[in-house]
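Below is one structure, written out as structure tokens; the observations come after it.
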Amino acid sequence: MSILHTVNKSTYERDTLEACVRLAAKGGSVLLIEDGVYSAMSGGSKSSVIDNAKGDLNFYVLGPDIKARGLSEDRLIDGVKVVDYKGFVELTVENDTVSAWL
Amino acid sequence: MSDAKKFMYINRKAPYGTIYAWESLEVVLIGAAFDQEVSLAFVDDGVYQLMKGQDTTEVGIKNFSPTYSALGDYDVNKIYIEKESLEARGLTLDDLQHLVWEDEDEDWAEKDSIRVVTSAELAELFDTQDVVLSF
Amino acid sequence: MKISVQVSEGPYNHEASITAINYIKAAIEAGHEIFRVFFYHDGVNNGTKLASPPQDDVNIQKTWSELAAAHNIDLVVCVAAAQRRGIVDQGEMERNGKDAMNIMDGFRISGLGQLIEAGIESDRLVVFGD
Amino acid sequence: MKISVQVSEGPYNHEASITAINYIKAAIEAGHEIFRVFFYHDGVNNGTKLASPPQDDVNIQKTWSELAAAHNIDLVVCVAAAQRRGIVDQGEMERNGKDAMNIMDGFRISGLGQLIEAGIESDRLVVFGD
Amino acid sequence: MSILHTVNKSTYERDTLEACVRLAAKGGSVLLIEDGVYSAMSGGSKSSVIDNAKGDLNFYVLGPDIKARGLSEDRLIDGVKVVDYKGFVELTVENDTVSAWL
Amino acid sequence: MSDAKKFMYINRKAPYGTIYAWESLEVVLIGAAFDQEVSLAFVDDGVYQLMKGQDTTEVGIKNFSPTYSALGDYDVNKIYIEKESLEARGLTLDDLQHLVWEDEDEDWAEKDSIRVVTSAELAELFDTQDVVLSF
């Protein structure tokens, strides 16, 4: 089994991403959407949440949400991959279950 | 082999401040009629949902906490509480409602529904689910 | 693949509705079937026909209605959540003695069992919320 | 003292409406004047007459209406927020070509200026939200 | 001038209380309401937020919200005072401005 | 002595994920007609509201970020950004829109609207306000 976890809140504002990372089994995938994409930016005081977890989990961000917020792909944490809505759909198909962390 | 799917309800929100806790419980109660394998997990502020002694009289809204004790009658008896979330909030199992169910296969013996598990155990459990609903 | 979607927040206030719409469009384009969209919590407010959003912004409620018509998608509003929040169809209007209804074309009101059924019948259930 | 209140979330989904109601009741009891209650963001959904919440729970929309009638409180729904979310009175119905209205007795729809005015005219402005 | 700050979210879930404490001038008052009341419980990993700030700010919790959640007044952080809705109104009157941290 | 009240708008939420940022800006624009003393503060995730280069085309919603540059024309020119919030997010002033206003008293000289201030300075500023609206 493999799970696609979605996280839609900034890790500066809420505990959602930290809950997801703590409770996601190794090998799972995490897709950051909506305000969740801020957590994927490097150089911040909470960039460590993804930095520390990226050995165990695969991280993705939703490109359209990155662009909407004026964030640059150059400044994403190393190893975080960008997908569009089509890629989001593919991730739901490739994994067995989707778990939204709300 | 059973056709039943494994449904997991993850509860991460405190009660009353928002309606998610209560409307999540409504899903669980309706879902119980569908003969699926159901588990509930309470993590983060979701553990507050099960606090004993809730009294909403002065706020003037419905106290839905007694409904949790009916879960056993609906054959919902796999209730997982994350140890780390309890500890972070300075809580122990004694602060929570004692939820039980009666085991038909053992002459209706009363058994505990709640199991306290670690994050790691919960992560493994999540990984075996077919449908995960998060509230 | 058969995919169902749950929308847990109302239109405009949260991005959930928009992300759900974009996700569903991409899923349809990729050849997947949308078995059902279930609106729960404040999500029921997606199903009103009374909104008139500004011309220069997306009309979320209308977009749902058009999506349903174009791709024959089952848009289900949870009755219990709708009763708390005031989303009403013909049947609910009569049952509860109301003098108006506000359900948008393409939406129907039904029970929570429809969500569980979506979970059982679909290969994936994807939730968008707050 | 002259107090105004802003409610920023819809009924039931958040405790904001309930806390605001309890606060207002206590303020009136203590002899203060409620200059205005302004409903913004999803708060506009407090002003629907189409809700039928369960009998064993509080009826929030009706409670507002009764409070307004008993104490002559000015309940104002923001027009811009209401248009996005589908809260409609007679005037809005006609202006936007809708075939129904859903505003609750005791509420009126008006502009954001009413919030600023409440801030200027009142001794205190107290906000309840998410 | 004095400000009454209201906080309605748990400090375990959101950054609201920490923002309030950081940006409230010394001598101000903080009233915890709704899910904000959880932050006033002693013995938790985030009880330190109020413990560290209570020398500079006056902390209150809304009693009806404490009772609704099954929390006991005995376990409140030392120095946190309980008020009812009437007390909430009095606090808004005693202070010059009310600031809701949302 | 002026009858004008001091209005402070505190913006703590990121744009687009929720509507608070946009509906807050709508209040500021309407409020500008009332001749009060208006300040805006951007703290925590609110600083993201002013990020340069926002492009919502692919999401399909309205990009309201150009509206911030109109604030100067509405005489809203006291815009405070919390230094600690910027730094925690790895951002600098260069990442944000450059907001300006024209000073009538100095022959319409163009001046910066944005001031980066510390938490402590912001706390003092909040303490002088008559009306605080938080979004």
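As written, the chains take the letters A, B, C, D, E and F, and residue 1 is the first residue of each chain.
To be clear about the criterion, a contact is a pair of C-beta atoms (placed from the backbone, for glycine too) under 8 Å apart; a residue touches a chain by one contact, two chains touch by 3 or more.
As the structure is a computational prediction, the values presented were derived from the model and not from experiment.
J.: Taking contact as defined at the start, I'd like the list of chains shared as neighbours by chain A and chain E.
T.: Chains in contact with chain A as well as chain E: B, F.
J.: What rotation angle superposes the Cα atoms of chain B onto chain F, in degrees to the nearest 5?
T.: For the C-alpha superposition of chain B onto chain F, the angle is 180 degrees.
J.: Tell me which has more C-beta contacts between its two chains, B-D or D-F.
T.: D-F
J.: Tell me, please, which chain's centre (mean of its C-alpha atoms) is farthest from the centre of chain F?
T.: B
J.: Would the interface of chain C with chain D count as same or different, where same needs over half of all numbers used to appear in both copies?
T.: same
J.: Compute the distance, rounded to whole Å, between the mean C-alpha positions of chain B and chain C.
T.: Chain B and chain C have C-alpha centres separated by 27 Å.
J.: Find the geometric centre of each of chain C and chain D from their Cα atoms only, then give the gap between the two centres in Å, rounded to an integer.
T.: 25
J.: Rounded to a whole Å, what is the gap between the Cα centroids of chain C and chain E?
T.: 38
J.: If you look at chain E, which of its residues touch at least two other chains?
T.: Each of 8, 12-13, 15, 34-35, 64-65, 84, 97-98, 100, 102 in chain E touches at least two other chains.
J.: Which positions in chain C are in touch with at least two other chains?
T.: In chain C, residues 12-13, 15, 22, 41, 54, 80, 125, 127, 129-130 touch at least two other chains, as defined above.
J.: Of all residues in chain F, which are in touch with two or more distinct other chains?
T.: 13, 16-20, 44, 59, 61, 131, 134
J.: Which chains are in touch, pair by pair?
T.: Touching chain pairs, listed by label, are A-B, A-C, A-E, A-F, B-C, B-D, B-E, C-D, C-F, D-E, D-F, E-F.
J.: Which residues of chain C touch chain A in the complex?
T.: Result: residues 1, 3, 8, 15-16, 19, 22-23, 25-27, 29-30, 32, 124-130 of chain C touch chain A.
J.: Quick one: which bits of chain F touch chain C in the complex? Just the residue numbers, please.
T.: The touching residues are 16-19, 59-62.
J.: Hey, which residues of chain F end up touching chain D in the complex?
T.: 5, 7, 19-20, 23, 26-27, 30-31, 33-34, 36, 131, 133-134
J.: Which stretch or stretches of chain B touch chain A in the complex?
T.: My answer: residues 10, 12-13, 20, 43-44, 82, 84, 119, 122-124, 126-132, 134-135.
J.: Considering the complex alone, what residue numbers of chain E touch chain A?
T.: 12-15
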